[in-house]
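Each of the two complexes below includes subunit A, the first together with subunit B, the second together with subunit C.
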Partner chain A sequence: MLDTAFEALKKFDWGSDLGALAPIEDAVTAAHGKPEARHEVETRLVTALQGELSRDAREYVCRKLAIVGTAACVPGLAPLLVNPESSHMSRFALEQIPAPEAAQALRDALSRASGTVKIGIISSLGARRDAASVPPLGELLQDGDAAIARAAALALGAIGSADSAAVLQRSLQAAGGSPAPIVDALLHCAETLMAANKLTEATAIYQAFAQDNQPRLVRLAANRGLLACASKQA
Partner chain B sequence: MLRQILPSILVLTLLAGLTQFVRADDKPSDDLVKLIIKLIGDPDREFRAAGLEKVRSSAKGAAATHLFAAQLTKLDAAGQIALLSALADRRDATARAAVLELLGASQDEQVRASSILALGTLGGIADLPLLVKSLSASGPEQAAARRSLVQMSGDTVNKSLAAELKTATPHVKNALIDVLSTRRATDESPALVAATVDDAAQVRSAAMSALGQIGSPDQISALLPGVLKAQKGGERDHAERSVAMICSRIDNEDERGTRLIEALNTIPPADRDELLPLVGRVGGKKLINFVGDIASEQDPARRKFGIDALSKWPDASVADKLLEIANKTADPAERNQAFQGYVKIAATRDNRSDRQRLDRMKQAMKAARSPEEQLLVINRTRTAYDVEAVRFVQPYLEDPEFAQLACETIVEIAHHREVRDPHKAEFDKILDKVIAVSKDAVVVDRAQRYKRGETWERPKK
Partner chain C sequence: MKQIKKKPSRRDFLKTTGAAFGVPFIITSAALGNAERPAASDRIVMGGIGIGNMGRGDQGAFLGRRDVQYVALSDVREDVRNKSKANVDGRYRNADCQTYTDFRELLARPDLDAVHIATPDHWHAIMVIEACRNGKDVYCQKPETLTLREGPLMIAAARRYGRVVSGGSQRVLGDYRKYVDPAWAGEFGTIKSINVNVGPLPQLCNLPQEDMGEKIDWDLWLGPAPWAPYNSKRCSGSFSINGSSWRSFSDYSGGGMTDWGAHHFGGATFICDVRDLQPEEVTYFDDKDGKYLAYRYPNGLTIYHNRPHTGNLQIEGTPGEKLPAKPVPVYKGDGEIYGDFIHCVKTRETPFRDIESAVNTAVLAHLGNIAYQLKRSLKWDAARQEFIGDAEANRLTDRARREPWQL
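Our next item is the complex of A and B:
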């Protein structure tokens, strides 16, 4: 059954009967909590990915690897990252694979990618809250492409660590103003820090933005943050 | 220049904030309280709301409440009202003194009303006289006092409110009765029963309404003097309806009848007949014979009461009895009363089908002896939502004496889309006739709308 399904996958395309792939779906589900079965289905998916597949079939495989994927499938997914057609689904899988190799693959792809593909990779690193990405993302804050710099700021905000906050604060100082993406990112950092009970760090960020020289909405957000921090402490 | 120094200011502020925060670690709730106080004093409503949200839910304890309440005198009216509401929601009685102080000092009607309202949750029995006194005020203060008294908790609140009822002015009595009813103060219902024979009609009505809501069947006999004291007309109808509502709490129909008859027997015989309309409102098989016998008595005055009672029956079970009286009597006035009662009861939208209601109307038309009686039947046929009812009324469009009323009945039935749509072609033809015949612009407009598949909204009175 599974063999037949993988054969069907080779010919699968938009509009094909998804029922033909049901055994793959079942194998993925059955692999939960069973490392050997997981490895087997992962291997078969990677093998399929390396063959000739339609775009729809490739995306199907990526969706399944997002569930069963481990470090072993990263070499199969990494080359897809810089291809505009496949980057999105590759990131979809790599974002969810907990292995550090997945994050490394995303970081490695940064230097090879450009434009929207690069923005997507940056966003995936943020979504993974990958601490090791703080330095490269910090460098991208100075990127000549404003969209990339903005994506880097937001990713650093999503990472929400003391380190990412420090990088953002330095960037704020260098920017000579209060660029909205950096402010947003710092407030995001503060929220994450507060959720992690790092109240001292979170409060420091909020206090900086609660000052009268800040825009009204920023002050409001900061004051709400301060209240939340103080309530948590009380 | 500012662009250049702004980042430095931010970093310095950030560092300063960090230091302050570390220092504040020793007294974390102080920081929170200070921040809340700063925000509730902010002129920007959104900032203020952020602080008020925390007054409601955070920084627990009397010390913080005291500090928050102390801000009341420092705020503008809008701020005072918002803080009063937050303090009320905080439900810490520590704020009571500040609220009373503000109430004493403020001339602003809305601030005073908000203070009174806050006392409902922050105050206690000691504040009851003040709140009762506020019931005699007008506008928002009275409404706030009413809500406050409804909210106030305490074992003796209902008792104290009932005691106030004895000496208050009619206006305040009215409000107190409403409060006791909303509080569902069944333990104090004797005070409400006493109020049903008050000298002021508005107090009697309020007490009857309250008991209609919270009264028990054990009080039926105690309420009958109140029904008798109610002025005939609107007040009497209302009193009867309230007692009928209490009777309806007795599930068993026979027992309901028995209990009401028992209650009637506690009333002097001379007054009993006046309560027959109430018997009619309660209805039930057991009471049909009781009233039916009276309606067939020799004494015309008693018969009148009996027919009146049957005409108020909640369902059509007495229709035959009324028709029998109408057909047998030789007295034109009694015939008129019984026939009107029959048509009214026959048309009642009870649990019978529309076809059954229509059959009764056809029966009434056969029994009608004058154009006035025929008009009555044509008019009431509108309660049978059935195409057959339209067919029954349609011939009267040809007779100028009945045409206008027939038009009105037809559009009333045509209003119901579920009756109209399955017979659209037939309705369109009849509605064309209505448009041609009717002299009433509203009826013509309705007929045209229904032909177009539109609806019509009855103007609000």
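Our next item is the complex of A and C:
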């Protein structure tokens, strides 16, 4: 059954019968808690990925690797990251694979990618809350492409650590204004820091935005944050 | 809401510009308002995103309100934009409604107080969060989320910017009062369980390429979802959940589980007064009677999904027990769920279908979809928003978004 399904995968394309791939789906589900079975299905998926597949079939494989993929499949996924046609579905898997090799592949691709592909990689690093990405993302805050700088800010906000907040604060000082994405990211960081009981760090962020020179929306957000910090401290 | 802002009102603006240009100082009765309609400066200025199907109904509800000025709309379909604009302009007898293909242009307008969103579900989180960043209050159609990770981020954005964000199920209060009222009156005693019958599960969409028979910005329709070729069923907004609309497909929706589940699960959590909670365990059954689920709550309640031989919203109470009655929460303002939202925009109160309870409802559906997909029971840590001891299930709490879209 599984052999037949992997054969069907080779010819699979938009409009093909999805039922023909059901044994692959079943094998992925059944591999839970069974390292050998998991290794086998992952190996078969990676082998399939390295063959000639339609875009649809390749995406199907990435969807399954998002569930069962390990460090072993990263070398098969990484080359797809910088190709606009395959980058998203490569991230579909890599974003979910907890292995540090997956995060490393995303970080490595940052310097090779550009435009929207780069934005996607940035967003995946943010979604993973990848602490090691803070320095490269910090550099991207100065990128000439405003969309990339915005993506980096939001990713640093999602990471939400004291380190990411520090990078954002330095960028804010350098900018000499209050770019909305950096402000939003810092407020996001403050919420995460407050939830982690790092009230001193969170309060410092809020205080900076509670000043009269800030837009009303930001000032109110900062004051709400200060109140929340104070009530948590009490 | 315009009247609480320090900047000049529209009337001030009209006065100053009239004086500056030396034109006769004329303000129409429509702008000044009357007993029937608040002055323009006191109306909630609204726009809408995704105006087909449910969005059309939502637009009609807001457009019909005297305290709303509807000025802008966004949709990826040209014919929807044109028809919706004609609808708005016809109502106001002018040509003022602005249309946008890209919702970001609409959200960037500083004059909007609030927006309603009725796009496919894969857009909701991005749009709601972006609306909050832009200082807008939001009425978002159900189901509000596509993934588990989205909910807390939407709540955080709403709270961060002090926005009123209402979910969109009108049925939670509107349809289930016959169960809610006796339940909150204590007549069932302690409710041990309730059953929700809803489905089907979402399916992967593999429809083939079709010629584009409509003027649609396909890349923007897909947005954060994986790229796929155009197919009219893939993007149909019909209410079908059997494979002929986006509601059926997992890239855009949680299927019937989230679509009708938003109503039924929402009703069940309202009846049992657990709108503020999330379950801690989902038990998966696959026996001679079929597949079904049991969600266990921290307070001991069980919500079943598709329990065999059990009716929808069938309640198992405690015979002989009568609990003290509690007041039933209802809509504020006038005009059902839409009026509740507008009232809260004006007063900054919490709407009946606040984003947090709406998200909690969607969580039930998402947990269920994941349990059915993985064919196993799951333990859920609501505080940490993660599954306990199941790394693979945790991989299904979110999915990478197609570039350049990001939460």
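Everything that follows uses one rule, which is that the second predicted complex is superposed on the first by the 234 of 234 C-alpha atoms of A that agree within 3 Å, B and C clash if a C-alpha of one lies under 4 Å from a C-alpha of the other, contacts with A are read in each partner's own complex, and residues count from 1 in each chain.
What we mean here is this: a residue touches a chain if its C-beta (ideal position, glycine included) is under 8 Å from a C-beta of that chain, and two chains touch if they have at least 3 such contacts.
Just so you know, these numbers come straight off a predicted model, no measurement behind them.
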item: Combined model on subunit A: subunit C and subunit B, fit or clash; value: fit
item: Residues of subunit A touched, compared between subunit B and subunit C (which is higher); value: C
item: Partner chain(s) touched by A:A208 [first = subunit B, second = subunit C, both, neither]; value: first
item: Which of subunit B and subunit C A:R224 touches, first, second, both or neither; value: both
item: First (subunit B), second (subunit C), both or neither touched by A:T116; value: second
item: Contacts of A:Q169 with subunit B and subunit C, given as first, second, both or neither; value: first
item: Distance of closest approach, subunit C and subunit B, by C-alpha atoms in Å; value: 7
item: Overlapping contact positions on subunit A, where the subunit C interface meets the subunit B interface; value: 220, 224
item: Residues of subunit A that touch subunit B when the two form their complex; value: 169, 172-178, 199-200, 203-208, 211, 213, 216, 219-220, 223-224, 226-227, 230-231, 233-234
item: Of subunit C, residues touching subunit A in the complex; value: 133, 135, 149, 156, 159-162, 203-204, 206-209, 226-229, 373-376, 390-392, 395-396, 398-407
item: Contact footprint of subunit C on subunit A as seen in their complex; value: 14-16, 18, 29, 32, 55-56, 59-60, 63, 66-68, 85, 87-89, 91-92, 94-98, 116-117, 119-120, 122-124, 126-127, 147, 151, 154-155, 158, 180, 184, 187-188, 191, 217, 220-221, 224
item: Sites on subunit B touched by subunit A in the complex; value: 3-4, 6-11, 13-18, 20-22, 25, 28-29, 31-32, 35-36, 39, 44, 46-47, 50-51, 53-54, 58-60
